[in-house]
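Heads up, the next two complexes both have subunit A, just with different partners, subunit B and then subunit C.
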Partner chain A sequence: MQLLRAVLLRLATTAVTLLGVAVIVFVVIRVVPGNPIAMMLPPGATEADVARLTAQYGLDKSLPEQFLIWAGGVLRGDFGLSITARQPVLDLVLGRLPATLELSVMALVIACLLGGFAALTGTRARGTGGEAAIDVANGMALSIPDFLWGLILVLLFGVLWPLFHISGRVTPSLELPFTTDFYLFESVLRLRFDLWANIVSHMFLPALALAIPLAAIIGQLLKQSLKETMHLDYVTLARTKGYGENHVILREALRNAILPTLTLVGVQFTFLIGGTVIIERLFSYEGLGNLAIDAVINRDLPLIQGIVILFAVIFTAVNLCVDLLYAVLNPRLRHG
Partner chain B sequence: MSFLRVNGLSARLKGAGHPILRGVSLSVAAGEVRGLVGESGAGKSMIGKAVLGILPKAVEVSGGEILLGGVDLLRLPPKERRARIGATCALIPQDPLTALNPSRRIAPQITDRLVDILGWDRGRALARAEELLAEVHIPDPARVLRAYPHELSGGMRQRILIASAFAAEPKLIVADEPTTALDVTVQKQVLKLIAEMQARHGTALLFVTHDLGVVSKVCDSLTVLYGGLVVEDTDVRSFFAGPAHAYSRALLAATPKYTDPQASLTPVPDAVIRDVQAEVAAADRRARHG
Partner chain C sequence: MADARGMVKRKAGLKLWLSGGWLALVVLAALLAPWIAPQDPLAQDLFLGRMPPAWVSGAEPGYWLGTDSLGRDVLSRILHGARIALTVALVAGGITCLIGAALGLLAGFLRGWVDLAISRLIDIWMAFPPVLFSILLIAVLGPGLSSIVIAIVVIDWTRFARVVRAEAMAQGAMDYVASAQVAGRGRLSTMVTEILPNVLPTIVVLLTLEMGIAVIVEAILSFVNLSISTDDPTWGGMIAEGRTSVHQAWWVLVFPLVTLFLTVLAFSQLGEGLKDRFDPVLR
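And now, the complex of A and B:
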């Protein structure tokens, strides 16, 4: 009951957040220089052509008026027409969303595995050279940003030692039997593991580039809280019961140590989704991020607005999920 | 034959080499309760920790032996040592608020050793846990077993830890200042409970405390420590009749009397401290030359 109330309250504040995001984006992209109409018309277009198109897209109205028209459409599920693609923004965005979601989730899984492994082995080897080595690796992973990791990975595993595909989402010549845009997911459901392997081979490097900095953050924070937990009385008590180091770390310490890391992963995961914008460009991956860059270059105002709102929805949804997970994992919170 | 015999046990800080235990010898037989008393820093807790294999990482054993049922723990490989300690010893920890894992229910925290180390099946272990909780006078054991630690009071949690310590019928229990963190009114009950459980199960009990009042209530014998050195090893009756060592006498004189709470406290005199420190220094000289 209490949980339900908390969720409803969060949804209400989320609505306010989204409204704020909408207003800011709407104003900012109209204030920065660059005119979408000028980019659509061929050289030599007359003043009359410009005026006609401006009116057609409603850009001749005042800013508040434009906002109300757009916001009214959004509430009815109509995000307007993309200026460049001349298709409904919603269709474009939803068509690309699955690719980005799959990439982000894959990156998150890789980050959790790598970071968790680093934290556990680092805790196991605390106070020795092994821990120092892990600290150094963590520091390096953290101090190089994701797009540079992308370039490094392209050079290493795309050029020098071509193990993976470095461009696109799937080899274009392949015939795809999919009905949804969740290629990775659907290939598993349809038991088409040949396609699955091809898709993973395309996704692995961009996902890894996104995952490495996050893995370092997870590794560092989780190791720190694990080490602190290892000194606590209940861990010592478990040792007197005859349990070894591995058991003590995994069963006694991990679940308590993981809570602060979880909150951070939620925040960092939203940064990771933001990182897809550049990484998708780098790997020519047909996702939302790539679409966003095109939209900005082309001053495709409705499309930019749609993408930003969608990103905002994703961010708040991730944060909500993290809070719920936190409540589930921490019995002290669950019982209020 | 004593179940636990500690012979000439020495321990020191790693690196600096500062001695923490200076050739400590003591023994505890089945059914015996031995008090381990001394000021803070006397090394009384360290002995218990060394026996249970939970010395802090900064401390290392530098000599002597810890015989558990005739087998020297210090000569066993780590895995066997852990298994032996887990199967025959248990700890009643100091602070019940931090000694239970906050994210696990009570039941698995009592039964884990029975299932994992002794190989019982889960149902039998659970039935045993319920029985034990009833034995330590916890009402509605089935409900408590399903609870998380934060749902229970400090006194309740200490009872659970006592029950858990006796779960596998250990030969030896180390109680590390088990009443220090508790409210005074609860202290008495918990003390009585430990004594009652010890008597019923016939366990050897090493009772670490700084409170001679507690010793007089529950112990059969006691070892007085100063600076990691045993200054007196005697039975409780002769100790309270008149300790042999000057430091023990001063310690006994310094203990506040419950019968006369208004009486002013007597500190241990400086001269006594100087003498016992000289003894510690002499022990160090002997250790260096021997």
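And now, the complex of A and C:
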């Protein structure tokens, strides 16, 4: 009962947050200078043409009216028409969302692997030079943002030692048999490992750039909690039973040390998704972020609105999931 | 135990010296740029396009780090770029700090509806993808130095507000605050004279980190071509240009990138070093 009330309260505040985001974006982009309608029409269009198109996009009404019309549409799943592409915003956005999701999830997996590896080897080598080296690497990874890592990776593995592709999502000349936009996922399902390798080779560097700062955070926190757990009685007991160091760390300590890290990973995952905007631009990856920057440059108001709202929905959804997961996993809250 | 403490202290000292030293160099470069830059950072010479750095064969004397596609001197542009980077770091970092810390202090100490309103606002802000938000703001405000500063302040105030609010809340629950209240101090006066000095170390650390972030944000905005103007020498603009010609002229990307990397690293290590210094457990 208590849990249900907490969830409902949480959903209500989430709704308020999303409404706030919608209002702010709506107001901000309507102050954008430059008339998008005038940009759409060929030179020599008459005043009447401009007025007709302005009315068609509803831009002649007052701000509150425009907001109500738009919000009403959103609730029915209608985000309006993109001004530059002249297609429904929802179609455009949903077409690009899979690319961004695949990139984010791949980055998250890389971050967990790298961070977990750093924490485990650091714990294994505690008190030695190995631990100090891992601490220094962690500190570096943490202080440099994804944008700079992306540029460094472009230089190292795109130019100096060209192991990976540094632009696009897949080589354009390839024939793609896909019916969905989840290329990476579908290529596995269709057992087309040639395509899969090509896609991974395009995605690896941007995903790694996004992953490095998060990996550092995971490595630091997990190592910290492992270290604390290693002093607990039950771990000492396992050791007196004669288990080796690897068994003690992996089988005994890790299980209890992982909870705080898990919560943090959830929160940090939203930052990672936010980082895709500039990383996609840097690697010319055809995802949501790249679409967003184009939309801003072209003053495509309905499209900008749709994308920002979608990002906000993803962020709040991830946070909500993390809170629920934490409640389920933490025994103290479960039996509260 | 005393030994371990000594080691942490020495490490923190080294961090402070190295990062402080690099930042001092950047400050000197910014101050002296017009006098020490070997060339005019804006002068184009299409006959000198994409000249390699001095130690590579085919270099043009007087252009130590080579030239970009328009024949502009890379070294001179980096030196002049330091002026814009530092201006953004100081002005944007400072204003963000003032506004964010003030709101965080009010929310954390006064609690009640003030806290509720500010916390809700922080929640809404956290639901925006920051890079997209800043690009949107620059599109609205128009390019230019002041727009960049405004965009950074508008987006990053929550970094200060969140942390300072939590600190102020923790401090507010302590006995010394209660005794100040008993002694008849007003709420606001307690906040400024009792709470503020105690959260100041945290604010200073955050400010240092924020300066590094401001430099990066400026570079990102230059990169998507929304920063100042394509002519003005900014590190981000140079990096954007270098990214497009990276296969023909690596030096156009590498040198500004290394400069930006070291500067951002220095700001964050300075913050980390200060944090260790301020930590009462280590002191």
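Throughout what follows, the second predicted complex is superposed on the first by the 295 of 336 C-alpha atoms of A that agree within 3 Å, B and C clash if a C-alpha of one lies under 4 Å from a C-alpha of the other, contacts with A are read in each partner's own complex, and residues count from 1 in each chain.
Everything that follows uses one rule, which is that a contact is a pair of C-beta atoms (placed from the backbone, for glycine too) under 8 Å apart; a residue touches a chain by one contact, two chains touch by 3 or more.
Everything numeric here is computed off the predicted structure, so don't read it as measured data.
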Partners on subunit A (subunit B, subunit C) - clash or fit: fit
Partner chain(s) touched by A:A197 [first = subunit B, second = subunit C, both, neither]: neither
Partner chain(s) touched by A:I293 [first = subunit B, second = subunit C, both, neither]: second
Partner chain in contact with A:L9 - subunit B first, subunit C second, else both or neither: neither
Apex subunit A: angle to the C-alpha centres of subunit B and subunit C, given in degrees as a multiple of 10: 90
First, second, both or neither for A:G274, with subunit B first and subunit C second: second
Subunit B versus subunit C as contact partner of A:L250, first or second or both or neither: neither
Touching partner for A:G139 - first (subunit B), second (subunit C), both, neither: second
First, second, both or neither for A:L113, with subunit B first and subunit C second: neither
In the superposition, subunit B vs subunit C on subunit A residues touched: C
Lowest inter-chain C-alpha distance for subunit C and subunit B in the superposed arrangement, angstrom: 9
Touching both subunit C and subunit B, counted on subunit A across the two superposed complexes: none
Touch list for subunit A against partner subunit C, complex: 13, 16-18, 20-21, 24-25, 28-29, 31-33, 139-140, 142-145, 147-148, 151-152, 154-155, 158-160, 270, 273-275, 277-278, 281-282, 289, 292-293, 296-297, 299, 304, 307-308, 311-312, 315-316
Touch list for subunit A against partner subunit B, complex: 127, 232-234, 236-244, 247, 252, 255-256, 329-332, 335
In the complex, subunit C residues that touch subunit A: 120-121, 123-124, 126-133, 135-137, 139-140, 142, 212-213, 216, 219-220, 223-224, 226, 239, 243, 246-247, 250, 253-254, 257, 260-261, 264-265, 268-269, 272
In the complex, subunit B residues that touch subunit A: 52-54, 57, 79, 82-83, 85-87, 89-91, 93-95, 98-104, 112-113, 116-117, 148, 150-151, 161
